[in-house]
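Next come two complexes, and both contain chain A; in the first it sits with chain B, in the second with chain C.
Entry: the complex of A and B
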């Protein structure tokens, strides 16, 4: 969740200064290269290169670990499954590819402000104006989606607390109804706030 | 200048406001009243978030029914719950988001964001995730996001309801310094001390209109 809700680590490294479009293009190219690398030795070299990029970004070990931590159990399960089906070398190759791709995507996330990412998206979507798509609205939609994650998480935590206080912890309905009502109320208030900020014209 | 001319608002079968007529040229205007008295609807009328069922509301010389979008560019609105107003993940990005439609150069946006964050005590939080801020800081962020647009009029709907005493005082101090015309709907009576004018609403009607002392005395009387 942190990757979605403000994982940006402020800094002045060369990676921070690189335009978001260049980083996203680089990420796509690097992921293609990862798919083409077929040996554990080559992927070990790629892992060293990714570690070097993290060092260049100067974001700290904790922030780097936070990017791959969410996939750690998935990586273990993938390695085990692949070992069983294609052998240890194939398992290492596949697992390293996935982990390194996640690490690279995380590196882009922690060195790029969400607003820069959305501005790049808006620029890329500019030609879509001709088919009636408003790039600003698409990027606004994504901003609101990202922003809604911590809001809904907080709402769910409050509903769970209220359930516990009333001794109805196991009732799905007692959890879902206030959560949905709260989410709709938040959406309503957010819409009104966006209108008040002049974003409906 | 804000002008209400025989304003009625009906929501469903309920008359929320009944014949409000008032001209508000003062710099600091407070609105108090019981829950359900129509205060928040009155505030929403000022920037066209709500429209009168009959009568008219004129703000900055424009009718809210015909020029709502234009009026909103000149009238900032601060809601009770700051969580509903924050759109972007980090503090500086949320303030900058308000300026998106202005299409200003990046340096100008950064300058204005830094200036407003410094003015409202959030300079050290520019790159912090907005959802990690305290309730009081979130309300200050919401205020920054409104004030960066330099509105001519600011409307605040119960801005201190969710704040602790320290942040309530901070909002009160900031209010005193603002050059804009400010309309504050509030249950926080000390916040309205020193205002130029206070309206008391009861069941959709203005039942008292005068200095804070006179109006609040009347409000206390109808609440007792």
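Entry: the complex of A and C
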């Protein structure tokens, strides 16, 4: 798995050093402000502020572009459609709002380690233990999932090889059914192994 | 450490199933996961995984598997189709479709749980259409309209473009779920629940 480190870009900027909880709170506040801003001038200011934040984080242009890239065609289509219905000014406002929100959220992801994010989540979930949610089980569930991704990727590769050997490369069922059955076998063996180690007590 | 009530609600075997299915949804969305018709039409099978989670794990375990995946995505892991991930996807226009996966999987599971020990393919198709397409669109379209400020009707018209693919995937999911449940009877939610209940009585 190439990608399982996430989009995090290591660094020592003030943004990297802020605690994850503070960044998430700031993101929520910033997105609220974005919705309230109505004029193109105000949103241009917001765009400059977002660009400034990216510069402050010193993550490089490539990492910044990688965050906005998934919505690029959507932004073009949205701008064109809105231009027809509400005019060029309204189109600029809505499109900028979406792109800036995506860029800001991406900035939080770029400057925060996945492990820090999960640790923050677990801290936030701590009060939930009073309604019967066990933080240990939550973190076990999350880490088991992360561990299972490469296991299932390997399983998918084996199933594809078997498919090729049988000459049914094009059948989606011949791919998905063995994959799902294999995943279930793996899951049930994993569950038995966990309870054999006393996880049920 | 844990009380008896909790053990009854969430046995370790179910925890493992939820974790593995969350990972399965991610793996089905991997780039190059599967290409139909040679390689001309690359389609992602991620929503297939979402519906399968409901059809095989049952309502709330299926929903939990989707929720776990979304939490990991929000934490920054690139587990969505095309290697997308991070908080950005929850600020974009498709946020409603992602959030809608949770009740969507629950709906599929709820319907399949009620189909008994040997759900037929028609029941599975209907469940996948109701949960995987109906419920997901009910959440996705209003959120899209909220994010972009377009009218509901306009957005609904635009999302028709995705409808044929989603309908095809719902039918495909039903076929895959049926095949899996014949090969592995414990993949039927009703059978699994019965077995877990019997195991507890021992």
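Basically, the second predicted complex is superposed on the first by the 136 of 201 C-alpha atoms of A that agree within 3 Å, B and C clash if a C-alpha of one lies under 4 Å from a C-alpha of the other, contacts with A are read in each partner's own complex, and residues count from 1 in each chain.
In the analysis below, a contact is a pair of C-beta atoms (placed from the backbone, for glycine too) under 8 Å apart; a residue touches a chain by one contact, two chains touch by 3 or more.
As the structure is a prediction and not an experimental result, all values here were calculated from the model.
S.K.: According to the stated criteria, A:168 is in contact with first (chain B), second (chain C), both, or neither; which is it?
M.R.: So A:168 meets neither chain B nor chain C here.
S.K.: Look at A:146 in the shared chain and tell me whether it touches chain B only, chain C only, both, or neither; answer first, second, both or neither.
M.R.: Once the two structures are laid over each other on A, A:146 reaches both partners.
S.K.: Mind working out whether A:10 is in touch with chain B, chain C, both or neither, as first, second, both or neither?
M.R.: So A:10 only meets chain B here.
S.K.: In the three-chain superposition, say which chain, chain B or chain C, touches more residues of chain A.
M.R.: Between chain B and chain C, the winner on chain A residue contacts is C.
S.K.: Once the shared chain is lined up, is A:114 touching chain B (first), chain C (second), both, or neither of them?
M.R.: Both partners, chain B and chain C.
S.K.: Which holds for A:194: it touches chain B only (first), chain C only (second), both, or neither?
M.R.: both
S.K.: Counting only touches as set out at the top, which of chain B and chain C does A:186 meet: first, second, both, neither?
M.R.: After superposing on A, A:186 lies in contact with both chain B and chain C.
S.K.: Common interface residues of chain A with chain B and chain C?
M.R.: The overlap between the chain B and chain C interfaces on chain A comprises residues 6, 8, 113-114, 140, 144, 146, 151, 186, 190, 192, 194-195, 199-201.
S.K.: Please name which positions on chain A make contact with chain B in the complex.
M.R.: 5-6, 8, 10, 113-115, 136, 140, 143-144, 146-147, 150-151, 154, 186, 189-190, 192-201
S.K.: Using the touch rule from the top, collect the residues of chain A that touch chain C in their complex.
M.R.: Listed in rising order, the residues of chain A that touch chain C are 3-4, 6-8, 27, 31, 67-68, 70-71, 74, 78, 81-82, 85, 90, 94, 97-98, 101-106, 108-110, 112-114, 117-118, 121, 132, 134, 137, 140-142, 144-146, 148-149, 151-153, 156, 170, 172-173, 175-177, 179-181, 183-188, 190-192, 194-195, 199-201.
S.K.: Give the list of chain C residues in touch with chain A in this complex.
M.R.: 1-2, 5-7, 9-24, 26-28, 30, 33-34, 36-38, 45, 48, 52, 56, 68-69, 71-72, 74-79, 82-93, 147-150, 154, 172, 175-177, 179-180, 183-184, 186-187
S.K.: Which positions of chain B touch chain A when the two form their complex?
M.R.: These residues of chain B touch chain A: 47, 49, 69, 72-73, 76-77, 79, 81, 83-90, 93, 96-98, 100-101, 127-132, 145-146, 149.
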